[in-house]
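Each structure below appears as structure tokens.
In what follows, chain A forms one complex with chain B and a second complex with chain C.
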Partner chain A sequence: MNEQEIIDITNKVFEESFEIEKERLKPEAHIFTDLGLDSLDIVDLVAELQKSFGVSIRNEEKVRDIRTLQDVYGFISAIKKDNE
Partner chain B sequence: MRRVVITGLGVISPFGAGVGSLVNGLESGRSAVCYMDEWAGYCGMNSHVAAPSELKDEKKIPRQQRRSMGRMSIFAAQAAEQAVADAGIDLSGMRSDRMGCIIGSTTGSAISISRAFETMLFKKDLSLLPASMFFQCMSHTAVINVAQYLGLTGYVMATSAACASALQAVGAGYDLIRSDRQDILLCGGAEELHPSVTGSFDVVFATSTKYNRTPDKTPRPFDRDRDGLVCGEGSGILVLEEYEHAVNRNARIYAEITGYGTNGSGAHISQSDSGSIIQCIKETLGNAGTDPDEIDYINAHATGTEQGDREEAAAIREIFGPSVPVSSLKGYIGHTLGASGAIELIASLMMMKKNMVYPTLNLDEVSPDCEGVGHVKRPLGKEVKTLLKNCFAFGGINAALVCKKLIS
Partner chain C sequence: MNYFKIFFLNLYSYTLFLVYSALFIPVLILVVLVLSIFMDRRGTMRRVRRAIGWWGRGITLIPFPLIRVCYEDRFRDNPGEPYIYVCNHRSTSDGFLMSVLPIEAVQVVNIWPFRIPVIGFFARIAGYLNVRMMSPEEFFGKALTLLNQNVSIIFFPEGTRATGKKMGNFHSAAFRLALKSRVSIVPLCITGNETIMPKGSLVLRPGTVRVRRLPAITWSEYRDLNVYKLKNRVREILGRELALMESGA
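For the complex of A and B:
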């Protein structure tokens, strides 16, 4: 899976599960302050990412460090590389 | 004791969104009951009819407030919003700890509960459950979602008394305002259709099963050929307000609530009992200081079950005789269960406003065991100054409410 595929799939999760318009999905967007997610949403974000990428991340400590969309892309990319 | 009036109405019913749609449906004399294709797929389910409400415009509710709402909570939020607007309440200037809501339902969202257990029992993976799922499943899901959506900070309570839930919510609201604990309360109920809901009545042979191919002919309250109830869904919300509070802001007043009573039969878990219904109605009339001959209209609970209709008719016959007009609205919109007390009370208030009593749909020939009551079989022009609303529920619960038109 290349970087663009990770971005596309992640953005689709934000569009479909959190009803955020495509134009707002910029890498630097802060997922709490810019995109309006809260702590409950993060639980659902993790579940949707697990489903979309076929990975297990629910107990990953690094999930707590995620702030921006770019952080999500990087986090998934690292997990996928670790799994390869 | 303070006086309590009704100043706002909101409804999502099988006839559509809004009080106007409900009234239009009743006036047209049509049935909203239809055949439920997919229900035939459940082994042991004999009733394949229901009165669904349309879920629409739900995306007008912001996602973060909608995510914890199952179907019934969306209905409740939309009905509550209508009621607040109808009452002319500007929430931004009126929210306080003296304004809250009491909304009942039979259970939490039946669809969400079913989905949660399908995930838990078959997939055995809790991580697949959305974070907001539990908030849709809780017994008080409708009231918490309405309170959060509208930002209400007074009393937030749920009544859970199956088919008497909404009337108990209105009764509890009446008591809280009367006793100076609250000034304004949004009260009512909500319910949603699901095979498990109809199934809970089906297994005890309380549903209608002979009219699956002619759904508009059932349910048939008080009729000789009635064969059981038909489930419906939706929400009804009423704004209850302390009288002086309403007058001071020049609110439109639909009616004053003058009496409420509720009791248990202590007799049977599923069967109605005329003795305890009589006691409940007499207590309610006593609380209202109203004699039976002062009641102009009785909106019956009558769901179309053989036993329930017979017991209610016996109670009405005993207290009122044949002179007071009686009708049930279940033939139009089915039995909306935990919402029925509120939706049907709203319809009754509109009858009061229009001086028109809507008849019992599908009552073609009064059953011998339901005779001796003032059945309304066709639209009846009549001034309704005082009305009685009945609701009864599984568990032997009875509830009744008296409303009086305010004569200025």
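For the complex of A and C:
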């Protein structure tokens, strides 16, 4: 899976599951302040990412470090690499 | 003249606020102590919350006529039925304005109101919920218990006061609670208070605050929506009505 595919799938998760408009999905967008997610939503985000990418996300510390959409892309990319 | 008016408004409002609270709080503590001897906890809490409503109403009346609060009720509730109120948030005074609602309710508040001497005292004894100091399980457990006791819950889902007239992003707790409890959601619009006590200032300015209560969104209307669709739907309703209110409607 290349980087663009990761970006597309992640953006689709934010669009379809979190009802966030496409125009707001910029790599530098802060997932809390710009996209409006809160700590409760992170559980849903992890579940949706697991389902969409077919991965298991267990490293909670790394999830807590996620701030921007770019961090989400990087996080998924790292998991995908670990799984290969 | 304007400076004199603002000075006079602040002088008499803050003085009366302190005097009124200094008289009201000891009486309230006494009432709570007496009630707790003769009534069960539920009965005591109901009366305590009603008394806090009176205190809040008194606070909103103190600056009259230089500051007026107009409550527009566009929805008649069923007595005894709890609701989840969702309000926009522009000013520190929003919490006091909720006393216009003729209901038993608790507010979901941030950490800082608990630290303010008088307000924190009332927030604690009324059982207000602090979403930041509780685990999600504890928060939803307490909130569901309150709704089961027919106590309504008031949310300011922006979490923090907006810096202007544009609403901030909404947190999801109110909508998760609605989906769990199937309780109707009542959107509540507040305008005018952002100029009376702007963010970052404690100086009161003359003006009119409008609180408009919109028709409830019932479980049958939102049952097919997920948390995020519901959150956006309620935010849209509030945004649309606020724009109408700003234009004088």
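Remarks
Keep in mind that, in the parts below, the second predicted complex is superposed on the first by the 81 of 84 C-alpha atoms of A that agree within 3 Å, B and C clash if a C-alpha of one lies under 4 Å from a C-alpha of the other, contacts with A are read in each partner's own complex, and residues count from 1 in each chain.
Heads up, the rule we're going with is that contacts are C-beta pairs under 8 Å (C-beta built on N, C-alpha and C of every residue); 3 or more make two chains touch, one makes a residue touch a chain.
Treat the numbers as computed from the prediction; the structure is a model and nothing was measured.
Of the two partner chains placed by the overlay, neither chain B nor chain C lies in contact with A:11.
Shared-chain residue A:19: touches chain B and chain C both. Legend: residue contacts after superposition of the two complexes on their common chain; A:70 is shown touching neither chain B nor chain C.
Contact with chain B, but none with chain C, is seen for A:47 once the two complexes are overlaid on the shared chain. Contacts of A:38 after superposition: both chain B and chain C are touched. Shared-chain residue A:58: touches chain B; no touch with chain C. When the two complexes are laid over each other on chain A, chain A has residues 18-19, 36, 38, 40-41, 44 in contact with both chain B and chain C.
Considering their complex, residues 18-19, 36, 38, 40-41, 43-44, 47, 50-51, 58 of chain A touch chain B. Those residues of chain C that touch chain A in the complex are listed here as 136, 159, 169-173, 176, 226-229, 231-232.
Within the complex, the chain A residues that touch chain C are 17-20, 33-36, 38, 40-41, 44.
Looking at the complex, you find that chain B touches chain A at residues 59, 63-64, 67, 127-132.
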